[in-house]
Every structure is written in C-alpha cells, then in structure tokens.
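Per-chain numbering from 1; labels A, B, C, D, E and F assigned in written order.
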Amino acid sequence: MPYVNIRVAGTLSKEQKAEISAGVTEVITRVANKPANSVLIFIDELPHENIASAGQLLQPPAK
Amino acid sequence: MPYVNIRVAGTLSKEQKAEISAGVTEVITRVANKPANSVLIFIDELPHENIASAGQLLQPPAK
Amino acid sequence: MPYVNIRVAGTLSKEQKAEISAGVTEVITRVANKPANSVLIFIDELPHENIASAGQLLQPPAK
Amino acid sequence: MPYVNIRVAGTLSKEQKAEISAGVTEVITRVANKPANSVLIFIDELPHENIASAGQLLQPPAK
Amino acid sequence: MPYVNIRVAGTLSKEQKAEISAGVTEVITRVANKPANSVLIFIDELPHENIASAGQLLQPPAK
Amino acid sequence: MPYVNIRVAGTLSKEQKAEISAGVTEVITRVANKPANSVLIFIDELPHENIASAGQLLQPPAK
C-alpha cells in the first residue's frame, strides 16, 4: 500500500520501467507521506490495437 | 475520462476490437453526455485458464 | 465473463447506469459472440478532484 | 459478482490457478454469503520487471 | 506483491473483511509459494445499482 | 493514454492530489516520451479497513 497501476500502449524498456517506478514512488512518498517500501507498482503494456481513444483504436507508431 | 476496461477470455480480432470500441464509446457519450474524444478504452485478452467462474477455470472453446 | 469496468467523473442517475449497462452489454454480446448473461459490469463514480488529465485535476461542472 | 482480480509476478501452473480459484471462491462464498456461481476471478501474470516495490523493479527468481 | 482486488455489491462488516483477507492470503501464500507479508488486498464495496449482470442492474436485497 | 490508477488508504487533500497528479504525469511524459495531455490519472481513496497486508486489515492512524 499504496498500489499504482500504469497502463501504456506499446512497450517500455527495462530502464524506462525502472526510472518510472523510481520517480512515481518518489512523488507519492514525498507528497502523501507514505513509506517508500509500501509503494507497489504494476505496469501493463498493451498492444496499440487494444486501446481506443474517441472510439478509434490507436495506431502503432510508424517505424 | 471516462475510462473503460474490457476483459475477455481468448482473443478478439482487430475488427471486433474496433467495433466494440466504437459501440461502447457511442453508448457512453450518448447516455452520459460525455464528449467522445474523452472516452479511453483498454481491452485485455486473457487465456481461458486465467479466468474462473464458480471456482472452476474456464475451458477453452473446442476447435 | 466478460468483465467491464466503467469509471466516470461525477455521478450518473440510476437510469443512466441502466441504459449504459444495457447498451454496453448489447455491443459486446453482438460483436464478440459472448452470451449476454455472462457480461458483468462495474461502474465507478469518482469525484472530479480524484481524476487528472494532462497533469491537472478535473474541474467540477459549473452549476 | 463478486469480481476478483489476482495479479502475480511470474507464472503459475494451471494446477496452481485452479487451486487458487477454488480456494478463493470458497472463502468468499462462505464468509460473504455469496453464491459460488457468482464469483468471477481473473488472474494476471506479469513479468517481474513490470512490478516495482519500494521504487525498485522486482528481480526474477534465480534459476 | 501479489495484489488482489475484491469487488462486491453492498457492504461487508469489518469482521467479514478481516476473515476474507486472512483466508485469501492463506490460499495464495500456500498455493503460489509467496510470502504472506507480500500479499496486498484491496476490497471495493459498490452500490448494487453500480453493477450489472446480463445487461440489468443488480437489485438490492429485500430488507 | 497512458492510464494511471493510484489507490491509497485514507484520504488525500485536494492539494496532495494535484501535486501527485502533476508529478506522476511529469515522470511518465519525460521517461516514456508520451504527450502530457494523454496521461489520465484516477485516484481511489479507500478506508483502512478495506485494505489488507499480510492477511491483516490496515489500522487507521492514531489521531
């Protein structure tokens, strides 16, 4: 506790996941006065075609 | 905002995902008076063996 | 199964919840070929100040 | 209804998923007086590097 | 880690929440070989009218 | 997109919610190269007795 779920389209590198986790944990522990060791983060990476905005599936980025 | 999460057993085709996303967005924007461009939908496709009903794992459909 | 979670800012009337539930269930059962009686929907109504877009909390609608 | 979501790091065998589903359904139906056939469970298996505790990504278990 | 989310219609007593939490944690730690102190459970209690099955809102229990 | 769900025990002030939202959005947009206006955050505040760690309900903080 606290629990954080981050859901993104596409994939993140392990370095991005580590940096996001460290940064989000720092923000929550500092602002909400929660001990850092209580923050649990789950990151979900979904294919672009599994996410829709405004009723339209996301397009994968051009290569 | 609004956020919608749809979780199904097995897989959906891209066409099914597009049609569900368009239909669900239409319903929510019409009934709840939310702008369509604010509706965000995430679709999760899980293996049948990761879902249980009445304490029993779902069986995959016969081929 | 399927499971649907709809999260909105502010409140919906019981009539809106009923109409959204009926409509979303119709879309999913028709497009994904799932039996209607298997569709489970949970609607979460959150205060505007518990939702942020672009890093800013949502403003409640003017009265 | 009720809906249960279980999220773990790494993978579970089909036998573990079946046993967890049966056990969790038994607990909820017994304690909360809900009919067993109404309990719906979704199990998410995430890579260790998609979960962080105390701001650090989980390490996969040594082989 | 693991994270468990239990969502029910109506309310549970504190005793029911405690007994469900103890029971679910016991099942997961025993079957999945996870340390008990790593299991985090969040229980959401929703009004019956915020849950729909088969396209119909749940009815609250008769008093 | 991305979608972030933050779940805490107890309540946060509006100022804390604003600061957490701004900070988390900054981290994700900077590290994952996502446009800030695409980050959607939902904050859930739960009673302590609805959260369990290690099979025990959380105790509310002493006054």
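Criterion: a contact is a pair of C-beta atoms (placed from the backbone, for glycine too) under 8 Å apart; a residue touches a chain by one contact, two chains touch by 3 or more.
Computed from a predicted model, the values in this text were never measured in an experiment.
Asker: Any chance you could name the chains that touch subunit A and subunit D both?
Answerer: B, E
Asker: Determine whether subunit C and subunit E, two copies of the same sequence, contact each other through the same residue numbers or different ones, counting it as same when over half of the numbers at the interface appear on both sides.
Answerer: Counting which numbers both chains contribute, under half are shared, so the two copies meet through different residues.
Asker: Just how much do you need to spin subunit E so its Cα atoms sit on those of subunit F, in degrees to the nearest 5?
Answerer: Here the rotation carrying subunit E onto subunit F measures out at 120 degrees.
Asker: State, to the nearest whole Å, the distance from the C-alpha centre of subunit A to the C-alpha centre of subunit C.
Answerer: 22
Asker: As a quick test, compute the distance in whole Å between the mean CA positions of subunit C and subunit D.
Answerer: 24
Asker: In whole angstrom, what separates the CA-based centres of subunit A and subunit F?
Answerer: Each chain's C-alpha centroid was found; their separation is 12 Å.
Asker: So which bits of subunit F are touching at least two other chains?
Answerer: Correct list: 1, 3, 7, 40, 42, 51, 53.
Asker: For this structure, give each pair of chains that are touching.
Answerer: A-B, A-D, A-E, A-F, B-C, B-D, B-F, C-D, C-E, C-F, D-E, E-F
Asker: Enumerate the contact residues on subunit A facing subunit F in the complex.
Answerer: Listed in rising order, the residues of subunit A that touch subunit F are 1-9, 12, 16, 19-20, 23-24, 27-28, 31-32, 34, 51, 53, 58.
Asker: Could you pull out which subunit E residues touch subunit F in their complex?
Answerer: Touch residues, subunit E against subunit F: 14, 17-18, 21-22, 25-26, 36-45.
Asker: Once bound in the complex, which stretches of subunit E touch subunit A?
Answerer: 1, 3, 40, 42
Asker: Under the stated contact criterion, what part of subunit A meets subunit B in this complex?
Answerer: Against subunit B, the touching part of subunit A is residues 7, 44, 46, 49-57.
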